[in-house]
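Listed below are the structures to be examined.
Below are two complexes that have chain A in common, paired first with chain B and then with chain C.
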Partner chain A sequence: MFLKTLAIASLTVRSAVRSRLLICLLVILFVVTLGIPLSVRGDGTALSEVKILLLYTLGTGSVILGLATLWASCSAVSHEVEHKQIRTVVVKPVGPYLLWFGKWIGIVILDAVLLLLMGLLTYALLFMSLRSAGSEPEDLGTINSQVLTARRLFLPKEVDLSSEVHRTVDELKRTGQMPEDVSEEETMQLIYRRLRARRTTVAPGASLSWEFDTQGLNTSRGSLFLRYRIGSSIGGSRQITGTWRVDAGKNGDSFNTGPIPMADGRHLIEIPASTISPGGNVTVRFENAAKGSSRTVIFHGDNHLELLAPAGGFLLNMVRSLLVVFCYLVVLAALGVTAGILFSFPVATFAAFSLSSIVLIVGFFAFSSSLTVCDHHDHDHGGGKASVMERVGETMLEGLEMALSPVRGIAPLGRLADGVYVPLWTVVRAVLILGVVCPGILGLLGGYCMSRRELAAN
Partner chain B sequence: MNEKPDESVVVIENLTKVFKDFWRRPKVCAVDNISISIKRGEVFGLLGPNGSGKSTTIKVVLGLLHATRGQVRVLGRVPTDVSVKERLGYLPEESHLYLYLTARETLDLYGKLFALEKRIRKERTEQLLEMLGLVDAADRPVGEFSKGMARRIGLAQALINDPDIVILDEPTSGLDPVGCRQVKDLILTLAGRGKTILLCSHLLADVEDVCDRIAILYRGRIRAHGQVSDLLEERDSLRVTMPAMPPGLTQEVLKLLKEKTGTEPALDHPAMDLETFFLDVLKEASARSEPGSRPAGERSVADYLRPGS
Partner chain C sequence: MNKRANIFLVVATVGCLALAAFQNRSLSETRSNRVGDLTGIANPAPIVTFVTVVLGGFRGLIADVLWLRATRLQDEARFFELAQLAEWITQLEPSCTQIWAYHAWNMSYNVSVMMSDDEDRWRWVNNGVRLLRDKGIPANPEDPRIYCELGWLYQHKIGKDMDPAHMTFKMKLAESVQALLNGEGPDYAALEVNSKLARDLARDFSLDLRVMQRIDRTYGPLDWRLPETHAIYWAYLGKRRANGEKQLPANRIIYQGMAYSFFLGDLISQEGGLSRAPRWPLLPKVHTAFKDALAAHDDDENITEAYVGFLRNAVLVLHAYGKEDESKATFDTLHELAPSTETQAGLELFVGNNNIRMASPGYVREILASLPGKVSP
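Moving on, here comes the complex of A and B:
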């Protein structure tokens, strides 16, 4: 069986090499890797150049590889069916599942080689550009501590608001202020959202605190960073003044920045490692020092506050990131080969690209929690009922969202460019779901369809 | 799967194949209720004009198409059974090869699909290349081959596993007379080793030369079926062949025959067929131009395909 699989896989590889697809892809990846850092301009700092190299170059290269994977895998079987070579293969003792597997492995081998070359080229370019640019030692220090590292990311503990929600609802009922045209469940949801919003705004003179569980944190690797994203209620580029205080560890150490000016946007504060003793809770407190004015500070986004702690080296993090990207390519290869069995080449390519696009779009909507189609109620008009089509669409989107939920949020290149650790569990999850389960399901479908299809009907 | 010598290795029972359109509506009935049984060691020919259902029948036997009605058993199993495919060799109507592979790589690929050991693959590849006169072109991509050369390499891939059943769809199509003769000799050699051959052709002379039994198809139905000798024999006439006689004696014999039978006997010289004449001319020319060389068309059969191997 191994020899047969190898024969089919090597046939796929040979086809790519001798049809010059491989050479063409290598040239494109080479041009992308060299061209993007030259054409995309950051904010002029060495740090942004490095981030661009990592995020844009690897990102664009991965997208090109993904498209090429879909195209090549769709043609792997459909092309042979159209040109009838498949007839001389399926009459040999090669089962339909083995044929699918061999074709898939062939594409996966090509992906592995191309991704490895792209990774090596990017890595080499990264260090060559750092050496030749003659960056200031201070810049190099920033790059080393913020990008060429792998920092573990800690998010604040989720605050349980349910008791406060119930208390507010009871109060509304007691005072007879419960809205009559909205159900109690929806009222509770509205109150919950309002309370959550309060957890992201700090009025002048007020303060807000977050608690982090730092279980597994290792302080021996260097300084920690607090990263936050803010804006003011007035907007524009006017500065805000605030004080950050970090209380950590059982020994009661604390770190205080004192009043610091800060503009709208993303900021980073270095916290000495000695401040934090691992294994306990860390409390972070922000005080809006803009007394006497109406400048409320707003923390933006879901991940508006993060604690970053060094957890490993850059190279291993890059390997883990590329491994996750490879898993995405693996599942695309499986999708393409199966589509190529089901349809002719143009239809297979269209179907595979469409499905991938739908998954990406639904993933984006689900990720940004914006599945507004699910909200049937037209509050302005007293609540209307959803049509059958809306319900079908909603059910399909919800089903797709549920199917995608295990792999949602596996975005390794963003983490790599941010110097954020790609956890081993993320890699294992990607390997299991994208590398084994999804291709397994697609392989079963592809093999079954291959066994049912009449390969000499045309 | 130990079959007896007279056992049927290919059984087609009431086979009907209807091609349908996109909406599953019947479009054309390519094969209409045919039944054939082919015994081990037999050379069976499927004859018929274009569109008569020959290739469709073969494709159903190979599992490339599914029967609409009826059933097909090859070596007692369904055609899609992998163990059946281990013992099958198939030459399609057109060779359908991977154009970017060389002849040697092509044979090695198909050898690997049969999980043949590297040593055996190498031996058989070299023997087949030698047998089919492709040694000089062994490392050229198949895409550069002429139709005849592609046909030969197609035939080689069908034989790489030393199959028990060889299915040949128009095997001599695109071949020169030397190649045709060689293919026919090969078929007879394989049959001599107990291999079963299912041959599909519309070249009647080819079929007549090698087949034990034939079925003639027309519009999807069998119109004639049986031993070639039985079907072609003219029982109401007789031919006597003997050395040439002096003209006077010939006339006397003819007169006597006319008197005794009351009919006018026909007299002519037996003529060799054009193929034999052509091959003789080539043989002679080859021997003259390169004394000691092996004439075209007389290449040896691959060792592993020879009787007794």
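Moving on, here comes the complex of A and C:
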């Protein structure tokens, strides 16, 4: 069985390599990999140049490889059926499932080789550009600590607000202040949002604390970083002054920045490793300066506060990221081979590209539709209600989003360019979902369809 | 496929291409008549030709994707890609001035204020300036609006004191020009158009030595280390490409820049940096700038108001510096332009009634207050 699979795989690789379009795409891949570092520019800092080089080179390269994979895999079976070469294979003792597997493995081997080459080329280019750019030692230090590293990301513990929400609703009911035109569920959601907003706003003279569970943190690799995103009550103002305090209780030293001026935006503070002790809780506190020297501070977004701790080297992080990208290519190869069995080559490529595009954009449309649903609420119960078609569309989008969420939620290249650790669990999840489960389902479908198809007809 | 079929296909392809080429001229004319020239210029830059011809309808789609990414990144306060995305988006819609203006303004105003460090702020302000100056104008050399947008960035973002880091912006600009000119302006008599300095000015600031000379002759001598001078330069170029009322934004930048240059157009090196003082020789040129604008726009009410404001402040400043004759002449112009009971009372009473606290804007108060024996505003 192994030899049979190998034979089919090598034939698939040979046939793919002979395809002119595939060769064109691969030439584009190498031109892009070499050309992007020369043509793109960051915001003027060495740090942004490195981030862009990583993100754009690997990102564009992955997209081109994805296109090449779909093209090659769609043609793997459909061209053989079209040119009747498949007859010579099906008359031999090769089952439909083995044929599907052999074709798929052939494309996967090709992808593995090309991705490896792309990764090596990018890695070499990255370090060559760092050496030739003659960056300042300070810039190199920043690049090393913020991009060429793998920092584990810790988020603050979620504060359970449900009891407070229920207490507030009970209070409203008791005092007869429950709004009549809004359901209880909606009232609870509104109260929850208001309480959450309080957890992200700090008035002058006030303070706010967050707790981090630092289980699994390794402090031996150097300083930690606290990354936060703030805005002031008056946009664009630079009149925010605050003090950050980091306290690990009995287990470590305490650290404070002293009053520092800040502007709206994202900031990074270095925290000495001695402050944090692994395995315990760390309290981070922001103290806003008094009125007159500061304004109300708003912590923006879901991830407004992150604790970043060095957890490994850049190379291993890059390998993990490329493994996840490889898993995406694996699933595309499976999709293409199955589509090639089901349809003729043009229809197969169209179907495979369409399906991949839907997977890519469904998140955006589901998000937009969720916003539309929110907008539909209106207190007067007049106009603005969603039509039946809209509701059906929204339900379909939400269902699709839910079904695809395990596949869509793994995006390693952004993390790699941001110097954030790609956890092993993410790789395992990608291998399981994208490398085993999805191809498995597609393989079963492809094999079944092939067994039902009269390949020797006409 | 047999040989005959191949030959037929080649001949058919060549025939189709010839037919397409034959129709191209009439199609281009029809398109120009209906939607205007896509590029708006006679000899578009290669990148403009590439995106408008090669990408065709797909460029809109690509631009949408890039817009979405740029918006999302900005919402997440991740700015490192924004300069590149802005460049790509603008190049995908190269003839749309509003898009160039938006991205330049976004980087110079919205993104820059997200930076705590003054140097970072300057980098983003400069990113906006460079986008318009180095990419936008070459792509739309005949559109006066894009020149005015650039002039506005120099005049307002760098020249005014709205941003807490405005002194850094001014110092950075002054230092970079000083490094080339080694003074406030070029010595035109000693320079050739193809000199190294001319090439450096074109490379670093997109300044044309001949245009600089014309501007200095008309409005100067100006100090090229100042943002107002750059604002006047770009507005001057914009004005030359506009007619009638379309000259108004350019004229505004010119007379406002001239007024500002009169009050604060002399850069004086002193311990601890540079300070600014009035540039007296510019007074007649400021009058000319205002009068030209009034003549071009039928004595527009807003321009008259701005001129009156300038004259009032100029009278006070000239008088405070002991330039009695110029102060009197300026006062007479003010009385002639906007006679009032205040001006009828005469210069001495006018000056006596308009103390420092009443002078506006703030920089005029500062000039007056900086004189010995004056009350701090």
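Simple rule for what comes next: the second predicted complex is superposed on the first by the 403 of 458 C-alpha atoms of A that agree within 3 Å, B and C clash if a C-alpha of one lies under 4 Å from a C-alpha of the other, contacts with A are read in each partner's own complex, and residues count from 1 in each chain.
The rule is short, and it goes like this: a residue touches a chain if its C-beta (ideal position, glycine included) is under 8 Å from a C-beta of that chain, and two chains touch if they have at least 3 such contacts.
Since the structure is predicted, the reported quantities are computational estimates derived from the model, not experimental observations.
Chain B and chain C, once both complexes are superposed via chain A, fit side by side. Residue contacts after overlaying the shared chain place A:Arg229 against chain C, while chain B stays out of touching range. In the superposed pair of complexes, A:Ser15 makes contact with chain B only, with no contact to chain C. In the superposed model, A:Arg87 makes contact with chain B only, not with chain C. In the superposition on chain A, A:Ile52 makes contact with chain C only, not with chain B.
Once the two complexes are overlaid on the shared chain, A:Leu120 sits clear of chain B and of chain C alike. In the superposed model, A:Ala263 makes contact with chain C only, not with chain B. Of the two partner chains placed by the overlay, only chain C lies in contact with A:Arg41; chain B stays clear of it. Once both structures are fitted on chain A, no C-alpha atom of chain B lies closer than 12 Å to one of chain C. Taken together, the chain A residues at the contact with chain C in this complex read 40-45, 47-48, 51-52, 55, 229, 235-236, 238, 261-267, 300-301, 364. Partner chain A is touched in their complex by these residues of chain B: 19, 59, 62-66, 80, 82-83, 85-86, 88, 90, 92, 94, 96-98, 100-101, 105, 109-110, 112-115, 154, 157, 161. Residue ranges on chain C touching chain A, taken from their complex, read 68, 75-84, 87, 110, 113-116, 123-124, 126-127, 164. Interface residues of chain A, counted against chain B in their complex, comprise 1, 3-4, 6-8, 11, 14-15, 18-19, 83-85, 87-95, 451, 454-457.
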